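Each structure below is given as structure tokens.
In what comes next, chain A is part of two complexes: it sits with chain B in the first one and with chain C in the second one.
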Partner chain A sequence: MAKKSSGTNALFYTPYVLWLGLFVIAPLALIVYQSFFDISGHLTLANYQTYFSSGTYILMTVNSVWYAFIITVVTLLISYPAAYVLHYAKHKQLWLLLIILPTWINLLLKAYAFIGIFSQDGGVNTFLGFFGIAPQQFLFTDFSFIFVAAYIEIPFMILPIFNGIEELDESFVNASRDLGATGWQTFTKVILPLTMSGVKAGVQAVFIPSLSLFMLTRLIGGNRVITLGTAIEEHFLVTMNWGMGSTIGVVLIVAMVIIMFLTGERKKRGSLR
Partner chain B sequence: MKRLISMAIAILAVVLGLAAWSNHLQQTQGATGDNTLNLYNWGDYIDPALITKFEKQTGYHVNVETFDSNEAMYTKIQQGGTSYDLAVPSEYMIEKMKKANMLIPLDKSKLTGMNNFGKSFLNQPFDPGNKYSIPYFWGTLGIIYNDKFVKPGAIQHWDDLWSPKYRNDIMLVDSARDILGFSLVSLGKSMNTTDAPTLQAAKAKLDQLSPNVKAVVADEIKMYMADNEAAIAVDWSGEASEMMSNNSHLHYVVPSEGSNLWFDNLVIPKTAKHFKAIYAFLNFMNNPKNAAQNTDYVGYATPNDKAKALLPKSVRNDKQFYPLQSVVDKSEVYKDLAPKTVGLYNDLFLEFKMFRN
Partner chain C sequence: MTEPIIELQHVSKRYGDTVVLKDINIELERGKFYTLLGPSGSGKTTILRAIAGFLDVSEGTIMFDGKKINDVPANMRKVNTVFQDYALFPHMNVFDNVAYGLQIQKLKKAEVQTRVEAALKMVRLAGYADREISELSGGQQQRVAIARAIVLEPAVLLLDEPLSALDAKLRKDMQYELRELQERLGITFLFVTHDQEEALALSDEIFVMNDGEVQQSGTPVDIYDEPINHFVADFIGESNIVAGHMLKDFLVEFNGQAFECADAGMRPNEPVEVVLRPEDLDITTIGNGKVSVKVDTQLFRGDYYEIVAYDSAQNEWLIHSTNPAKDGDTVGLTFDAEDIHVMRLNESEEDFDARLESYEDD
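Right after this comes the complex of A and B.
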């Protein structure tokens, strides 16, 4: 970095450093610190021992990762073609706006809207009623949970992929076609590798929040889907076992760092959210 | 570096300025003045008209702040930022607050209307002699069913929930002690069981219930039951009365083998400052007429017998919300359990929620 007037630089980064210190580093340090205390306030490693030795938390972790994985795959399968089509669409900016628009609405409101849509007298069942196959149970099933979670995460997947495709130099695609590659070969050998950074950024932006969803597990999943987020909420609000809650938090943070590392670009970082 | 220091000073100056300003605001609003009362209550748990009436009668200004769980209230009072004058904890939380020295004893000489209360609601084990608390409302845990899907009278006991007839029909309230509690009662054990093997057995029995459980939810249960989304729910009497006022097909049963009996009580937390206002308010609420009006609004059962006598006959004699003495006698009040045991309850409950077959 060029050393200009260090005074102006300080002026620019002070708010950011303060923000980082107060709202990122301090809370992280507090969580790590809390995780070493048991329910009666003794300094201990027992929380970690419990986490890794009791089958419950391991099973819960596996569940969380599994659901987050499915949600990510579903959003990716929908988002990649969508972003691709978007790239060639006529009124790109308008379509993009329409995709971003739902993110302006509060998550809780969207969840409640889905309760209405999926309920016994809801829109979907009324529609199915025309074919005589209503009422079906949608709420509190894996299907509805994954559906709603994917719906909420899709914009965060489409945007980075769309940016990736926008950056793709069209002449590579043309060259590939000229040199006799089939459509499929062009896609797998040229387009996909060149847009991979967008996909990775999208996977990060979807997988990581999906790991700790807890509002949806209750509202849409009816607590029949349990993730680590649920356990953290319970430990903090009901059991008042902040140590155990923090321990799960630490494990989640470590898991997220690993995922960032696995999917992250070494040189250039994709934009997150 | 110089700039950095001056920036830091500037930020500090802004913070101090804001602090002084907020202090000034609080004073002008009377939040620290002598003519106020800070009431810390559950959401929608007092008739707003009564507050207006109290303010007019006495000239005190009432600030109401709300909480949504005993634990949240405990944490807030423990931190002591706000000078709450009155709070409304449930019985086990009173024990806990007592142990933590967070309550100020009531000055009985300043209280009137204590003899309005029913004998069975005073001198409870969680607060012998009502040294710290005045009962506010009470209720039970029970089963709500929809007569469109369930024959009236088909559900009388906790064990009936396990019937294969009700596959995927039951909604449970998301509360570890209540759900494990009814499983314990169905095994003939106490709701205050602390011994691990018995709790494991109760959890194993709950796992058997799993195919019948549609969802484990919190406040939304009211909406679902009112919308005929589920046939059966396990919830508290107050919630039940709210559901029933929205859907006439719903009925509430307290199983005769016993259930949980809960009390919400007015207490003076150690953060209290405005004692004149506190006693004026307590005496105002003990007044049968006011208590009856409050009961009418909130819909829970009042422990104030003289207030109950003022209620319409249909309410007074409703066995659903004023259950028979024999049922009340069999029911248990929650005791404050050691943090370890609370942890065990919650861990088992979490395991039950994860159980799938």
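Right after this comes the complex of A and C.
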């Protein structure tokens, strides 16, 4: 009996273990392995040396972090109030569905749609034309890049925050009001701290992918914004310097781990006893 | 008569077609312990929330110290609440929870410190200031919730079933402490509970609620001895309720016999309900008994035996006796005229009080 059940267990584990091995552990190992080879196949640390000594790569890293930061902040500023309003809305499941819906559409399609909207004779400029404003350059600007990136990331920020607010017990809000706090004081002292885990999850879900955005930098940012994602793509597909590409990949992975650590739940001092 | 601290005048609350409060009129005086007692869904918590300011009433006026407070937001009302689930902020420790209201008022650090310590001492939690909420037992959390409310020195403390989550022993202890605390602070407590024993033990005055209405209000003794109707008699304590007729003043007929009683002021031959408390029934021989019943089952309750018996008409009788009976025996039941309480059907509380006064004082 016991033997059979452990056999079944192994059967259930197999797809997961295979998946983990083939698509998570093996690629990670390969990236780390590749990063120690130069373009002609010699084992070397030169890639890391180049990365940390060249101004270009450092600038690119700062750029990536900076843009990811701005995208995250913009997304958060829009998502928190949205999630809060959503919590008190009447048909919240429907509203939630409408927010999730765009995530079902392919990223590339959305990017192309925005090219149409932001182009010289696109929707926005046509609209501005009604007020006698000459066509503006929207495409290939920082504004359009951040706008579109934020648009794409918003659902991933709203969902965890919304869940956090939904889990918040209404009686905490009542208790705070009862003790004399105004609506704003209640928000800053009770609601925000108690929904922080949702905010952290949202920041993780937005900041980390934003670090390696590359398609949008090309299509919407017009390659004016070069991030680490763009650099990796260049190295793998254009210069064929897999070693250098892998090195940047390793740096990105380390950056992600750091973010995960910074935004992760830490034990409170009291519960250590 | 002193000016009431809280007064509800013709207060109603409706959600769509559902009426949860019907024309509630309540007056609370300073320094007394009041209880709203009723089954779940009777509207008692709704009254509490209306006074605290968490919901708007559909009609009527809520007065605080002579001023209408219907439109005053919850944070501006001088009442504080102890919530059923305590609602202690999980991201703050005991000190910060209790200090919350004081810090909102931007009081000086030293004053906050002194008042928090005094409040914690009051609920016997001195030395617990640095604990996290998750480290406390249910009873301790309960005390923190009380400390957090009384530290603000409210004129009225609202308590929403605060003891319901505690085990029986702790609940008993907390009952004594609550009563003691109320007497020491000298402020008005409005306590919500569905536990009639708790209400009888703690209150100066009880409001018995059912279906969004106050059925009866009065001291615990009044309500226990003179329940106004079937609901109150049944809800407060155990009772035997029998249908009967009022033959004339001080003479009631039930079970096919006429009995002397202590009630009057009703129409001759009016159909009534008669309440006999199980502890007022004494077991005796068939010859000495006023009613003969056959013992069916009995349970040992510790301080008494609870005996279920049936008379010849198959009416059930509940008897509390210090001595056991024998199953299957036929015994006599005896009771005094004062043990009989007669209730008219559908009598309003106003008429009830007037009728009682008409014959009790002479």
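Observations, loosely collected:
By definition in this document, the second predicted complex is superposed on the first by the 257 of 273 C-alpha atoms of A that agree within 3 Å, B and C clash if a C-alpha of one lies under 4 Å from a C-alpha of the other, contacts with A are read in each partner's own complex, and residues count from 1 in each chain.
Convention: a residue touches a chain if its C-beta (ideal position, glycine included) is under 8 Å from a C-beta of that chain, and two chains touch if they have at least 3 such contacts.
Because the structure is predicted, anything quoted here is derived from the model rather than measured.
Once the two complexes are overlaid through chain A, chain B and chain C fit side by side, free of any clash as defined at the top of the document.
Greater residue coverage of chain A by touch, when chain B is weighed against chain C, goes to B. Contacts of A:81 after superposition on the shared chain: neither chain B nor chain C is touched. Shared-chain residue A:182: touches chain C; no touch with chain B. By the touch criterion stated above, A:171 is placed in contact with chain C alone, chain B being left untouched. Looking at the shared chain after the overlay, A:21 reaches neither chain B nor chain C. For the superposed model, the angle subtended at the Cα centre of chain A by chain B and chain C works out to 160 degrees in steps of 10.
In the superposed model, A:190 lies in contact with chain C only, and not with chain B. With chain A used as the common frame, chain B approaches chain C to a shortest CA-CA distance of 42 Å. Of the residues of chain A, not a single one touches chain B in one of the two structures and chain C in the other. Against chain C, the residues of chain A that register as touching in their complex are 169, 171-172, 174-182, 185, 189-190, 193-194, 268, 270-271, 273.
Residue ranges on chain B touching chain A, taken from their complex, read 1-4, 7-8, 11, 69, 71-72, 75, 168, 171, 174, 176, 213-218, 220, 223-224, 227-229, 339-340, 342-343, 346-347, 350-351, 353-354, 356. Contacts from chain C toward chain A in the complex involve residues 52-54, 73-76, 79-81, 83, 85, 87-91, 93, 100-101, 104-105, 131-132, 134-135, 148-149, 152. Interface of chain A with chain B (complex): residues 6-8, 10-11, 14, 18, 39-40, 56, 59-60, 63, 115, 119-121, 137, 139-140, 218-219, 222-224, 226, 230-231, 234-235, 237-241, 244.
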